[in-house]
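The following pair of complexes shares a single chain, chain A, combined with chain B in the former and chain C in the latter.
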Partner chain A sequence: MNPREFDVIIIGGGITGAGMQRDCAMRGLKTLLIERSDIATGATGRNHGLLHSGARYAVNDPESAAECIKENRILRRIAAHCIDETDGLFITLPEDDLGYQRTFVEACQKAGIDAEVIDPDQARRLEPAVNPALIGAVRVPDGSVDPFRLCAANMLDAKLHGGQVRLHTEVTAILRKGDTVEGVQVRNRVTGEEEIFSAPVVVNACGIWGQHIAELAGVKVSMFPAKGSLLVFAHRVNNMVINRCRKPSNADILVPGDTVCVIGTTSTRIPFEECDDVAVTPDEVTLLITEGSLLAPSLSSTRILRAYAGVRPLVSADDDPSGRNISRGIVCLDHETRDGIKGFVTITGGKLMTYRLMAELATDLVCRKLGVDKACETAETPLPGSEERSYEQVAQKIWETPSTAQKAAASRLGTRASRISTGDSREQALICECEEVSAGEVVDAIERMDASTLTDLRRRTRIGMGTCQGAFCACRAASLLAGSPGGTARERADLANFLQERWKGNFPIGWGETLREAEYTQWVYKHVLGL
Partner chain B sequence: MKLQEYTSSRHNFEECMKCTVCTAYCPVMQVNPLYPGPKQAGPDGERLRLKDPYFFNYALKYCMNCKRCEVACPSGVRIADLIQSARIRYDHTKPKLRDQILASTDLMGSLARPFAPIVNGVTGLKLTRGVLDATLKIDHRRTFPRYSGRSFEAWLRRREKEQSAFTEQVAYFHGCYVNYNYPKLGKDLVKVLNALGVGVKLLDHEKCCGIALITNGMSKKATSQAIHNVEALRKAVSAGLKVLTSSSTCALTLRDEYPELLGVDNADVRDSVMLATRYIFERLEKGATLRFKPDYHRKVAYHTPCHLERMGWGVFSEKLLRSIPGLEFTSLDSACCGIAGTYGFKKENYEASQAIGEPLFEQIRSVDPEVVACDCETCKWQIEMSTGYTVENPISLLADALADE
Partner chain C sequence: MRFDTLIIGGGLTGLVAGISLQKAGRSTAIVSTGQNTLHFFSGSFASLKEAPQPMAELFAEAGIGLHYSPGVRLMPMGTFREAELSLDDVSIFSTSPFARRVLVISFPGYHEFFHPFLVEGLEKQGIYCRVHMLDLPELSRLKPATGEMRSLQLARTLDTAWNKLVQEIRLVLKDEDTVILPQVFGLNDPSVPGRIRQGIPAQVVFVGTFPPSIPGIRTQILLKRRFEVLGGTYLMGDQVMEAHVHDGVVHSVVTRNLDNHYLEADHFVLASGSFFSKGLMSNPMRVYEPVFGLDVAAAEDRNDWYNPEFAADQPYMGFGVLTDSSLHPMVDGRPLKNLFAAGSVLGATRPELGTGAGLAVNSAFAVADAILQSDTSIR
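The block that comes next holds the complex of A and B.
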């Protein structure tokens, strides 16, 4: 069999592409996934990490709401190690209309979301960080999800089912014979090497960048790039998701995720050309702090770690200037019926929450095209790592008295944490002290999860995501990466690039402790280590 | 653009720049590989504990609460407070019988005092120490403080009239050690203060400051004692009195551990509580004088207790000692003696405790003073046991050097 021939080629290593590759691979297809950068670099990794209950969409977009709650329940089953079952509150503040609460709860119930009106006192007890001035609260099954982990787990499972992955590889052309797509031409962005892969079906799962890939295939898909900015606070202020119970607006969701919490978002339409380089503006920072403090007053005096922005992969519908009212619904385009181009499929729209459903719909279409009759199993089969629901049990099974780093590893890797317990004492050395990431975890990410740069490692292990923003872990992790091809010279450049990327996120909120920290990092790397 | 004017976090943990100087200064880190160190146990661990209390690490019990990390921290993070707070918040294991006994300095004192000669004889026996080691895991190599037959409180009460004759008064938080084990230190303080024209009053029923309860997992009891003590301090302070202690750890506990660890508000009385050496120094600065023996001569090496260093007051004790004519003064290097209250009594900590103190012991041996001066009773036990040198509180040395009336 030709190693360059596949049943299906998926373009895009976000959650949609990864989920799709897993689904295809589980149905027995020979798959190749191509990603021009790393996993979860687009909208997948640039959102709240909110495990939506669907409540946010219940009033305006009931179809998305119903999808969300269904997928919410599925993800709790299949992706336990990526999820924190925190529950969420929708609070009404004195300046909000308490009457909206009834509309909201009714819409939730219609969509099948358990929405329970609770007493403001009870809300203050459940979540001490909540604005104590609240006059109403509804409890919903929101949670948080780690999109990097979810994406990596899908890709890993695809690989376990024979899938192949090419990261840092760009599609330069979609190859067509007449009106039939036959494959892709790609260029490795690190080595510059060009290759051709062929498959009877090519799937465009590139989110906002899908517009460009569609152009390469000679079809038109108009996206609506809407930038959303968010702030990461340096520790968890809240342990439940806090939302405003009103029409969705700016900066009205505060999500606790791993060791931090995230406030967002804004929504601004941007030109397509700017999608690759979005920055958070001072006005957005002001807005996020001001509005965020209405959800949890302590945010106004909590250290901010980073600011970041993502671009929603919305599909153009009407002239809505903000994009708030565009459906978050799934768009699955069969370009054969739509444009007369055979063997090309675009899967876009949707959201992180509904990635699995998107993958299922698109895979169903691919299977019909290939004449494969196999049912989807992704809603029942746990992802690798998620075979056990609680990380406490995972840690207890592997280690008699787990250390904090081992507990943290279990919370990040789930049952896969047993992989890093090799008995080698070096494996326990801490690479990242802020997030308690051991050398064993970093090596696992390099060896089994295709990490080839420090930024890749960050997405898979959380190194550099903690308070020191890479000051201590970056050089240690670089020493582990330097063992792989390319050696020390490449690692030196990688290190500089990584620290620059960390600074990019610190810059918009560069004051107080975060500025001191960045200064300190600069002293160490520039003036002590001579980088 | 709106900047945050300030940020705040529990015990300033978000001020941490991860520089790790605390870990380099931690005495435990250097001898016990099981201890994660102040940075990991403190600001780093706090973020994980806020996510889920499951991330609490029981190895935090190896922290001696010496607070040397806080002295070292360039960012003002209350690292030891973070660690002790985490223990209070998340460690719900019931304290062992041994720890309950060690922590109950007040109760043990009241029980032992009436039978002091017998208790002192029995705890001095090798056999007793062997039994305590085997049953309670109190290390057999450790010597016990001796109990006094008469309490300091009873002694001072009999002198109430004579003390109230002075025009100026202070209140004295004597602590368990002075009351049950070593009333002489309290008597020495009374002598010095009287020589300055100041009378000494007891507080309205002081209780043990509670530091041993805090570090041994009995924070509930410590809190109720703190509330009682702050009330007693309030009475004295509102009557216009300063409250002095002769133990650096009692002072630190009353001033800082109450609000930081136990959440007991003492803002209205905190500034009135101070170590006696500071009070005496300040009076002398303002012009008061003491008459010293003309022919006094003593070679003294001064050890600053960790908690005194944390308060930044070692300088007062040092200056007082240096002002005594005929006193040959050597300042010992800043180091921890290793006992940390009840910590060093525990069998599992004994080796670490002695290893931590060794550089200090070594320096004392090389200086070879007639007496070591130190403001902390548990440092005194440790240094006396480990070096054979006698240790006295600077107050006692001062009293000894005073010219007889």
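The block that comes next holds the complex of A and C.
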């Protein structure tokens, strides 16, 4: 096998690219995934982590709503360890129009979403955190999904099926012979090393950055970047997803996830050049707290852990006057028929919820191009770790009487948690106390899941996501990363970057306990440890 | 209960002020929440070089060895900083490279000591390093899974097992001229670091770990012991909830644990620290001092509290209570006549008193002097 030749090269390590690589690899294709940063660095990791029931789109975009509920049911089957089956409420507040509820429920039913009108009293009992002033409530099958875990599990399964992954590697050129794409030229952003890989099909799955990759291939895909800001609260205030039963607006979804909850979002169109460095403004923070407190009043007195923003990969209608692609959400472009460029495909638009369907559509197209006739199996085959539904049972099978840390590991890794049980008690040393991540789990992520920086580790293990925001775990995990070949000098810079990245999400909400924690972190790293 | 002076805050500042006053025969009480910045003390007193006479005396009487000579000290991340007045634990090197070959010791399952960074920093200086993970039967009893493999538990174990450690190091030492150890010795027995230095046939250098700082906790223990031996009252794990102030004079305070008693005093010292210790607090609107509602020097616009660069100097760290020339803090611009502020609650408002641990000690002595010189029957 020529290590530089593939059947398909996928550019972009978000959920779309990872899902696409899994699908391609499961259909027997030899795949390479190239990501300029880490998995889930773009919109994939910068959203609510909401497992949409589709209810939010039922009134305005019934087609998306139907896709969502279908994928919602599939993900519960195939990605159990990434999903928290919380259910959700759509609440009507006194200032909202209760008449909208009927329109909403009818639209949900049409899309195939179980939407049940419940009594406000029952809503208050089901979800004690909800605004008690509510005058109406509808229960829907919303949930929460950990996008990092989902992305990592897809990548992992692609690797198990022989796929190769190059992270921190940037595509510098799309190689063409005449009108035919033949491969890519890449540069490793850590070592600077350049390489060429060839494949008869190259897939652009770069979300908002797909505009740039399309340019490299000589075609035009216009994206409309829309920034959305969110806040993470330090406690899981609510157990169910809480939405406002009205037309989608700012800061009207509160999603519980792991140990925290997330309020969002805002929506602001930004220039394409700003996509790489979006920041949350003080006005957005105020808006999110104010609106969020209408869903769950206790948010106004709950510590905020951090603020973050992402860019939605909305596709402009420039090259698609019919607008049909936009209305469907998912945009799958065959540049051979669209632009006369053979061997190049763009898959974009869509949502975290519909990543699998996007991957299926694009893989179908790739398979047609390659003359491969194999059906998609991603809707039936569980992701690695998701073979069992209950993480508590998983933990019990592995450890008999699991500690809370071992249960936490099982909730993150699913059945794969057995890989970190080596019998050596020292592997169990906690690196991150907030999220209870052990040395064994960190080493697993470094060795088997391509983590090479602290931020990579955060996405795979949740280190640094807890209340200390990395104060305690960053230097411990950095020492483990520094053990890799030639690693220490690089790791010193990585540690500084990680702390900077944490601070970026902390200072916009830097008061109270957050400022107290920040003072500790800044003092310790600068004056005590001498970084 | 009535005291000559009541000190709010039991860290370095409160203890130094309390010992000075108690030594001068003034009955003093310290209210301490229990956590303070000595728990992450690097072992060096920022902005101080040679110890001022009263400080040298006070620390010697408490059994805490201090030293200073011009040079550099080695930080946990393998960097070097200019030497300052330091605890005896801290090695000061007048020349660097300070060694040719170093044996770096750490412990299996211990993640609070960053030897890869240390080694990289030393190798940059041309120092050859060998890392040895030292295991002792006593250490294998500590369970990493439940967080027992941290500095404090390790230090407790090594307070009795240190001689076995010395013997093991004698065996594994080859041609190294220097041994580097994590600074986890002498928690309850201050003589241990010195005895380890004597026991190993090489230069011994202790390098700091992730907090809590063992030398810092030991310093706290020794200063507190000294304060109590002198007759001082140390209210541990308590917190001042409110103060009674009339006509610019503080009459008494109420604490969480003693909520039926007014703690009265002629003088009060606010040594409650900065944000970490909750001497200063903040909300989205403002930075405030929670006990007395004192005037605070802080930027009004929250956007001016921070520098977006993590590594840059942060404006909020300079915020502190405003004081007059005698360190009396103020409410609405009017000084409280028998209240003094000292330590990091001052922020960077009194640069002439130093920074960090230097500010703590300097301002503590300044306040103690002011109290001793003032008329005790102020009311």
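The definition used in the following text is that the second predicted complex is superposed on the first by the 519 of 531 C-alpha atoms of A that agree within 3 Å, B and C clash if a C-alpha of one lies under 4 Å from a C-alpha of the other, contacts with A are read in each partner's own complex, and residues count from 1 in each chain.
In the analysis below, a contact is a pair of C-beta atoms (placed from the backbone, for glycine too) under 8 Å apart; a residue touches a chain by one contact, two chains touch by 3 or more.
Bear in mind the structure is a predicted one, so any value in this text is a computation, not a measurement.
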Touching partner for A:A429 - first (chain B), second (chain C), both, neither: second
First, second, both or neither for A:A482, with chain B first and chain C second: second
Which superposed partner A:F472 touches (first chain B, second chain C, both, neither): both
Touching partner for A:E392 - first (chain B), second (chain C), both, neither: first
A:L531 touches, of chain B and chain C: first, second, both or neither? second
Which of chain B and chain C A:Q500 touches, first, second, both or neither: second
Touched partner set for A:L515, first chain B, second chain C, both or neither: second
Residue contacts on chain A - larger count, chain B or chain C: C
Chain B and chain C contact sites that coincide on chain A, given as residue numbers: 282, 403, 433, 472, 511-512, 516, 520
In the complex with chain A, residue positions of chain B that touch it: 1-9, 13-20, 36, 39-40, 43-48, 50-52, 54-55, 57, 75
For the chain C and chain A complex, residues of the former touching the latter: 37, 40-42, 46, 75-81, 108-112, 114-117, 119-120, 143-147, 149, 208, 210-211, 213, 274-276, 278, 281-284, 302-303, 305-306, 308-311, 314, 316-317, 356
Residues of chain A that touch chain C when the two form their complex: 282, 403, 405, 425-426, 428-431, 433, 438-439, 472, 475-476, 478-480, 482-483, 487-489, 491-492, 496, 499-500, 502-504, 507, 510-512, 515-516, 518-520, 522-524, 526-531
Chain B-facing residues of chain A, complex: 234-236, 256, 258-259, 282-283, 285-286, 289-290, 300-304, 391-392, 403-404, 407-408, 411, 433-434, 436, 466-468, 471-472, 511-513, 516-517, 520
